[in-house]
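There are two complexes below, and they share chain A, which is joined by chain B in the first and by chain C in the second.
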Partner chain A sequence: MLKLLFLSLALTPAATLFTWNGAVAWPLFDGITLLFDLTPLAAFFMALLAIGAPFVALPMLRGKSDEPTYALYAVLLLGMQLLLLAGDFIGFFIGWEMMTWSSYLLLLRSPRIDLEGAQSYILFNLASAFLLLAGMLFLYSITDDFRIQAIDGLLTPDKWALFTLFGLAFLIKVGALPLHLWVPRSYDQAPDVFSAFLSALMSKMGIYGLMLLPLLFPDGLSEISGRFLNGPVAGYVLAWIGVITSIIATFKAIAQEDMKRLLAYSSIAQVGYIVTALGVGSSLAIGGALFQALVHTLVKLLLFITIAGIILQTGHRRFTDLGQLISRMPISFFGVLIGIIGLAGMPPLPGFAAKYLMYIGLIDAHWLLLLAALILSSTASFVYCYKLIYGPFLGHANSPEAKIATEAPWHYLVPQILLMGMLVALGIFPGWAIEVLIDPVLIGLGMTPIGAPAWSVLATSYGGYDGIAVMGVFATIFVLITALFFLGRGRMHRATSSYDLSFCGEVPTAATPLHYGAGMGRELRRVPLIGWILRHTTINFYSGLMHQTQATAGMIGTLYGSNPQVWILFAVLIFALTLTVQMLTGA
Partner chain B sequence: MLHYFIDAFAMIGMSYFMGFLFYGFYRQFNARVQRRWGPSIFQNFFDNMKFLFKTETIIHGPMFFFGPMIIFAGAVTTVLFVPYLKDSIWLQGFSQSGNMILIVYLLVVGPLGNALAVGSSGNPFGVMGVTRGLTRLMGLEVPFLLGLALVMVQHETASVHAIMAAQPDFAHWNLVTNPLAFLVMILPFMASQHASPFDVVGAPVEVYAGPRVEFSGRLLGILMTQNMMMTVAKLVLIADLFLGGATTIWELIAKTFALFLLTAAISTSFPRLRTEQTVDFFWKIPLGLGVISVIATIWFPWS
Partner chain C sequence: MTFHFTPVWFIAIPLLLAFLAPLWVRWRVLMPVLFSAQFALFALALSWLPTVRIAPVLETIVIAPPLGIHLHLDTVALLFVTLFSFAGAVVSGFIWLGNSAPHLRDRPAFILILLLIAGSNGMVLTGDIFNLYVFIEIVGVSAYALAALRRDKTALEGGLKYLIVGSVAAIFILFAIVLLYLQTGQLNIAALARAFADIPAQMQLLIGLLMLIGLGIKAELFPFNFWVPDIYRGSDSEITALYSGVLVKAFLFVLFHLTFILLADPTVARNWLMALGAITMIVAELVALRQQDLRRMLAYSSLGQVGLITLALAFASEMTTAGALFHVINHTLIKLLLFLLAALMLRQFASLKLADLQGLSRTMPIAAGLFVLAALAVLGLPPLSGFVSKLWILKGFSAAQTFWPIALILIAALIEAGYYFRWIRTFYAPTSTSTRIQSDGERILNYAPLLLIAGLLIVLGVMPFLLEDWLTQAAQALLGREALLNAVLG
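Let's look at the complex of A and B:
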C-alpha cells in the first residue's frame, strides 16, 4: 500500500507536466509575490523529471519498505518541481534548498557513505546555494525585483558580477572542473539506485540554471562582453570550461577501477558537453545541448540502474571482480550495450543526433579549436565505454559470485527495458524529439526553431540525416549477412572450454590471469598528455593553491615587520603615490 | 525501390572488387620494394575466398559470432552512405539521407561491435589489441575530423554532395583551394586505413596479439572482406571531399588509386610506431598544423 502510494508520488512530475495550466501568483508579505508558471524551458526539464522519477522509484520498491527514504524522495521531487515552476528567484531558491537538503539526507542513508564524501557533498552544494543567494540578492539590490526575466540597463560590471555569481552556482551543480570534487565521491557512495537520480536528473538542474542565464541577458551572452567569430565571448569562456572539464573527466573515467566511479566521471564529461554547447548559444547549439541533456538523462538512468542490478546480484563493483556475466545477465548486458552506444554518441542511437547538433553548432560558430577538443573527449570516451561493457560482461569471471550470479530482479529490468526502447525509438525518430521537445523551448527562448521535415529526419542548414534510413540499412545488412552466413557451407563449433585460446602457444589454466578489466587503459598513461592529466589530481590542485596562497600571505606578512618605522614609511609612500596618481589623472 | 537494390548491389560489388585489387596491388608493391616477386594481384581475392569457404569455424559464444556480423553491417552501411559518383543517379546508395559527420561515425560503429566479440572470446591479447586500436583512434580522430571541419566551414555544409558539387574543375578542388585542410587530415586518414607506420599489430606476429587473434575460418573471411570494402569507402570519401569527386567509374578508380598509392608508398617506407607514439605524433604534428590552419583561415580577417 505504502509502496503504491510512493510510486504514485513518483508520478507527480508527470501529473504536473500534463495538468498544469496558467500561472499562479501567491502574494506574500510586503508586496512580494511568489510566481509559479511552467515555461517551455521548465517544461522540458519537467519532462526529464517525469520520465526519470518513476524509473528510479521502481527499483527502490524492492524488499522491505523503507519509509524515511520514500519520504525524502518525495520531498526531493517536490523541491525539484518547485524549482522548475518558480517564476522568481525566491521560489527557485526554496526549491534549490529543498533539493540540496533532501538529497543530502538521502545520501547519508547509504551504508557506504564516509565523512569525506558527505562533507564534500554538502559543502559544495551549500556553496552553490549561497552563491545563488548572493546572486539573487545582488539582482534585487539593483532592480528591486526577484522575477526571472530579462534585465536591461545594467552596467557591464554588474552584468559580469551577476553572470559570475549565477554561473559559479550552477557550474558547481553541473560539476565543472575544478568544482567537481563532490561528484565522483557522492555518485559512488550514494545508494546504488539513487546514483541514477543524482547523475541523470539533479545534474540537469544545474543545466536548467545555466539556461536561465540567456533569459536574464536577453541578447544571449554576447552582450556581456561582445562577440568572437560567430558567438559570444562570455560563451567562449564557458565553452572552454565545459570542454576542458569533459576532456579531463574522460581520462579520469578511463583510469577508474570501480563501475560507479567510472560512470560518475563520465557524467561530469557528458554534462561538460552540454555546457560547451550552451556557451555557443546559437539555436543549433542550444538544440544540441537540450538533445544531449535528454539523451544523457535516459542513458545515465539506464546505466546506473543496470549497474545497480549487477552490484545487487554479485556484491562487486570493481572491474577486477566481475566478468563473463553476458550469459547470466543477458538483459543487463543489452542495457549496458544500448547505454554505451548512446553514451559514445554512435549512430543510429540518439546520442549521435545530440553530438551532430553540437558539432554543427560549433562549426557554424567557426569555433574549430573547441570542436577539436570536443572530438578528443568524445573519441576518448569510447575507451571507457568499452571498459564498462568488457569489465562486467565479457572476458573471464573473476570472482565466485560472478560465476553464479543470476539476472537482476524485475524491479530493475522493467526500467531498463523501457529505457532501451525509448533510446532506440529516439534514435529512429530524432526529428520527433526536435519537433515536440526541443523546438518549443527554442521558441520560448526567442530563437529560431530547428524544425524537422519528418519525424525520422534531423535537418539543419548544414545537412542532416534520416534515422529510418540509417537504422534500416544497418539492420537489413545485419540480418542479410547473418542469414547468408548460416546458409553458407561449413560448420561452427563452440570452443570446448573458455581456456581454449590462442595464448602464446601455451594452454592457460584457471590460475592464469586472463581478465583484462582492471588493466585496460593503464597503458594510456604512456601518452604524454594523458599521463600528465592522470598524474595530477584536483585535490593536489587545491592544496597547491593553498600553498601558493600561504606563500603569498607569508610574503605579504614580511612587509608588516616588527619595526614601526617601516609601516610609517609605507604609509607615507602610498599616500605620496596616491597623490601623484590623482594629480596626473587630473582628479 | 528496384533502383535502390541494384544500386546498393553495384556499390557493394564495386567496393569489393576495388578492395581486393588494391590490396593485391599493395602486396605486390610491397614485395617489389623488398626485392621479392610477390604474389599475384588476385591473391587477396583467393585468400578471401579460401577463408569464406572453410568448413570449420571455432566460436566462443553468441556475441563472438555477432561481432563480425556487426562490423560487416557497419562496413556496408558506410559504403552505402558514401556517394561514389557525382551528377549521376547511380552508385549513390543512401547518401542523400546522410552527411559527412555521419559517415565518419559510421566508420567506427563496426569496429566497436567487433570489439565486443574480441572481449567475449576471453583472450587478453585480443582485448589488448582492441585497447590499442581505440587509443590510436583517439589520436587520429581529432586531426582527421578537424581537417574535415575546415572543409565544412569552407563550404558551410556537411553534405558530401554539396561539397562535391562545389568542386567542378581542378582549380576548385579542395586539395587546391584548401591545401592546409588536406595536409591536416591526410596522415590520420592513412592511420584510419590501418597503414604502417600507424597500424596496430594484427595477429600474425611472433607473440600474436591483436584484435583478430581468436578469429578463424569464415569469420576471419568476413573480417577481411569488410576491411577491403571499408578501405575503398574511405578512399572514395576523401576523393569526394578533396579531389572533386568523380563523374565516371574510371575517374573514381584513378583518384582512389592515387590516394591508395600515396598511402602504400608511405606505409612501405616507415616501420610501425608504438601506439602511444602514434597518438603523441597525431596530437603534435597534424593537430599542431590544424591549429595553425584554424588560426590562419578562420581567425584572421584576410581569409
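Let's look at the complex of A and C:
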C-alpha cells in the first residue's frame, strides 16, 4: 500500500508535465512573489525527470519498505519540480536547496558512505547554492527584481560577474574540473540505485541552470564580451572548461577499478560534452546538447540500474572480482551492451545523433581546436566502455559469488528493458526526438528549429542519416553473426576448467589473476601527459584547505579559555586601549 | 473594576506568581502554573497586537516626580515580549511534560524562571534607564542562580564564573548610567536622547564604550564572549535554551534600542557594531568546527547567529532590521529546539560527545530527525523559516549595494554547514557506538513542545507573509527615533 503510494509519488513529474496549465504565483514576503510556470525549456527537463523518477523508484521498492527514504525521495522530486517550474531565482533557489539537502539525506542512508564523502557532497553543493545566491543578490542589486529575464544595459564587468557567479554555481553541480571532487565520491558511495538518479537527473539540473544563463542577456552569451570566430567569447571559455573536463575525466574513468567510480567519471565526461555544446550556443549545438542530455539520462539510468542489479546479486563492484556473468545475467548483459553503445556515441543508437549534432555545431562555429579535443575524448571513451562490458560479463568469474549469481530481480529488470527499448526506438527515430522534444525548446529560446523531414531521419545542412536504414543494417549484421556463432558453436573447443590452459610453459593456479579486467588501464600511467593527469588529483588541495581551516579554528579556539579573570582582563584592556586610541586621535 | 490595559502585566504577573510559589507547592500545581502563566502571557501579548499596531501603549506609574516607572509598549517591544513568553511556555511545557530532572521541577527553578522572564520583559518594556539597570540585575541574578541549580561541580563552577563576569558587565553598565545621569540629570530614556547630543564628544565616547562593553559581555559579542561556552556547557540544557533564546535576545534589544535612540545619527556606531557582529560570526563559526561536545558546539553556533543578527541590525536599514528581527524569532525557536533535543539526548546517553553519539538515529529517530530539521533551519535552507529571514537580511544588504556582509554571511553559513552536517552524519552513522544509560523508550509527550516548534519553523518558512507586517512595523518602530521621542515627550 505504502509502496503503491510511493510509486504514484514518483509519477508526479509526469503528472505535472501533462496537466500543468497556467502560471501559479505564491506571495512570499516583502514584495517577493514566487512565480511558477512551465516554459518549453523546463518542460524538456521535466520530461527527463518524468522518465527517470519512476525507473529509479521501482528498484527502491524491493524488500522491506523504508519510509524515510520514500519521504526524502518525494521531497527531492518536489524540489526538482519547483526548480524547473520557477520563473524567478528565489523559487529556483528554493527548489535547488531542497534538492540538495534531501539528496544528501538520501545519500546518508547508504551503509557505505564515509565522512569525507558525505562532507564533500554537502559542502560542494552548498558552495554551489551560495554562489547561486550571491549571483541572485547581485542581480537584485542591479535590477531590484529576482525574475529570470533579460537585463538591458549592463556594464561589462557586471556581466562577467554575473556570468562567473552563476557559471561557477552550475559548474559545481555538473562536476566540471577542478570542482568535481564530490562527484566520484558520492556516486560511488550512494545507495546503488540512487546513483542512477544522481548521475542521470541531478547533474542535468546543473545543465538546466547553465541553459538559463544566456537568458539573462538580451543577446545570449555573445552579449558579454563579443564573439570569437563564429561563437561567443564567454561561451568559448565555457566550452574549453567542458572539453578539458571531459578529456581528463575520460582518462580517469579508464583507470578506475570500480564499476560505479568508472561510471561517475564517465558522467563527468559526458556532461562535459554538454557544457561544451552549450558554450557554442548556436541552434545546432543547443539541439545537440539537449539530445545528449536526453541520451545521457537514459544511458546512465540504464547502466547504473544494471550495475546496481549486478552488485545486488554478487556483492562485488570491482572488475577484478567479477566476470563471466554473460550467461548468468543475460538481460543485464544486454542492458550494459546497449548502454555502452549509447555512451560511446556509436551508431545505430541515438548517442551518435547527439554527438553528430554537437560536432557540426562546433564546425559551424569554426572552433576546430575544440572539435579535435572533443573527438579525442570521445574516442578515448571507447576504452572504458569496453572495460565496462568485458569486466563483469566476459572472461573468467573471479569470485565465488560471481560464479553462482543469478539474474537481477524484476524490479531492476523492468526499468532496464524499458530503457533499452527507449534507446533503440530513439536510435530508429532521431527525427522524432528533434521534432517533438528539442524543436519546441529551440523555438521557446527564440532560435531556429532544426526540423526533421521524417521521424526516422536526422537532417541538417551538413547532412544526416536515416535511422531505420542504419538500424536495419546493424540488426541484420547482428542477427547474421549471432546465427553464425550458434551454428559454429558445436565445433569449437571448450575448456572444462578456466585453469585448463598454460602459457609460457606455466600452468596458472587459483591465485593467478586470469581476468582480463585485472590491471586493465594500468599501462596508461606510462603515457607521458595522461600519466601526469592520472597521478594528480585535487584532493590534496581541498584537504589542505580543510586542514588550514581546522588549524585556524584551533588557534582561535585557544582564546576561549576557561579562566574568568582572563575574560575580564580582556574586556578591561580593550576598554582602556580603545579609549586611549580614541582620545589620542581625538575622534 | 475594569481590566485596564497596561503593559505592567507582563512584569507583574510573573513576579506575583513567583512570590506565591508556596501556595502552588501546597496545591501541587507548580508546573502547570509555570506553563499556563507563560502561555497566558503569550496569548495576552498576541491579543494586544491589533491595539499596539495602531499606536504604542505608554504607561507611567508615578512614584514621586520626576521618579517613576515608565513603560513603553510598541510593536517591537511586543514582538520580543511575545517571543519571550512563547519561549518560556515551551521550556516550561517541556520541563513539565518531559519529565526533566527533579531540581528543575522544584520551587527554586519555578521562581527563577519566572523572574528571568519578568526581568527580560522589563528590559524590553522599560523606558527608564535606571529601571533598565534594575531589570538587568534581576535577570542576571536569576540567570546565575539557574546556572548553578544542579549543584554538581560543573554547574557550580559555571554559576560562579557567570556571576563574576556578569557582575563586571553590570558594573560597566552602571558606570555608563551614572555618567549619563551626571551629565544630563535625566533617567528617562527619551529625555536622555534629547539631551545626549549636548554632552561633550569625549564623554559621549566614554559612555558609549562603557555601555558597549557592558552590554557586549551580556549580549555575547566577540571579544567579550569567552565566558559563553563554559556556562552553556555547565548548565542544564533546558536552562541554556532560555539563555540563548531569551536572555541574549533581551540584551541585543537593549543594545540596539539604546544605540538607535540615543544617537541622532546611528551611522556613527554602525561601523563599530557591524565589525563586531561580523567578527563574532566568523570567529564563532570557525571555533565551532572543532567542538566535540554537542552543547559547546551549540553555544558557538548560537554566538555565530548572534553575530549575524548584530551585523544585520547594526546596518540599520529597514529591510535588514526587519530580517534581523525575523532571524531573532527563528534563532530563538531553533535554539530552543536544539537545546531541548540535547536535554533529551543527555537523558538517554551518558555524554554528548561526538564520538559517543554515533548512530543515534537508531535509538532516537525522532530526535535525530528534529535535529536535522533544526540544522537546516539554522543554516537557512528552504523551505524552513531560517531561509526567509536570512534572505531578507541579504536582500537588505543587496538593495543597499553593500556586498561584503553578503560574502561574509555566506562564508559563515558554509563553515556552519561544515560542522552541522558532521553531527548529522554522526547521528546517521551506519555503526553505533553509543551506550544508552536509560532505555525508558521514547514518549511522544517528551516531543510535544519540540514538534510544535518544528511545525512553526515550517509554517513560517512557507508562509512568512503571516509575520511580514508586524516585522516591518517593528523595524520601523526600532529605527524610528523621532516618532518615539515625540510619542513619549510630546
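We adopt the following convention: the second predicted complex is superposed on the first by the 502 of 587 C-alpha atoms of A that agree within 3 Å, B and C clash if a C-alpha of one lies under 4 Å from a C-alpha of the other, contacts with A are read in each partner's own complex, and residues count from 1 in each chain.
Throughout what follows, a contact is a pair of C-beta atoms (placed from the backbone, for glycine too) under 8 Å apart; a residue touches a chain by one contact, two chains touch by 3 or more.
Remember, predicted model here, so these are calculated numbers, not experimental data.
By the touch criterion defined above, A:Val470 reaches chain B but does not reach chain C. Once the two structures are overlaid, the count of chain A residues touched is higher for B than for its counterpart among chain B and chain C. In the superposed model, A:Trp410 lies in contact with neither chain B nor chain C.
Of the two partner chains placed around the shared chain by superposition, chain C is the only one that A:Pro27 touches, whereas chain B remains out of contact. By the touch criterion defined above, A:Trp160 lies against neither chain B nor chain C after alignment on the C-alpha atoms of chain A.
Shared contact residues of chain A, touching chain B in one structure and chain C in the other, are absent.
For chain A in complex with chain C, the touching residues are 27-30, 32, 90, 93-94, 97-98, 100-101, 104-105, 108-109, 111, 113, 115, 118-119, 122-123, 126-127, 130, 133-134, 137-138, 140-141, 144, 549-550, 552-554, 556-557, 559-562, 564, 566-568, 570-571, 574-575, 578-579, 582-583, 587. Against chain A, the residues of chain C that register as touching in their complex are 161, 164-165, 168-169, 172, 202, 205-206, 209-210, 213, 216-217, 223-224, 226-227, 229-230, 283, 286-290, 319, 322, 372, 376, 379, 381-383, 387-388, 391-392, 394-395, 397-399, 401, 403, 406-407, 410, 413-415, 417-418, 421-422, 424-425, 428, 430, 464-465, 468, 472. Of all residues in chain B, only 52-61, 63, 65-66, 69-70, 72-74, 76-77, 80-81, 94, 97-102, 105-106, 108-109, 112, 115-116, 119-125, 127-128, 130-132, 134-135, 137-139, 141-143, 145-146, 149-150, 152-153, 156-159, 162, 203, 207-208, 213-214, 217-218, 222, 274-276, 279-280, 283, 287, 290-291, 294, 298-299 touch chain A in the complex they form.
Across the interface of their complex, chain B is touched by residues 229, 324, 326-327, 337, 344-347, 352, 355-356, 359-360, 363, 366, 368-369, 371-372, 375-376, 379-380, 382-383, 385-386, 389-390, 393-396, 457, 461-466, 469-470, 473-475, 477-478, 481-482, 485, 488-495, 498, 500-504, 513-516, 520-521, 523-524, 526-529 of chain A.
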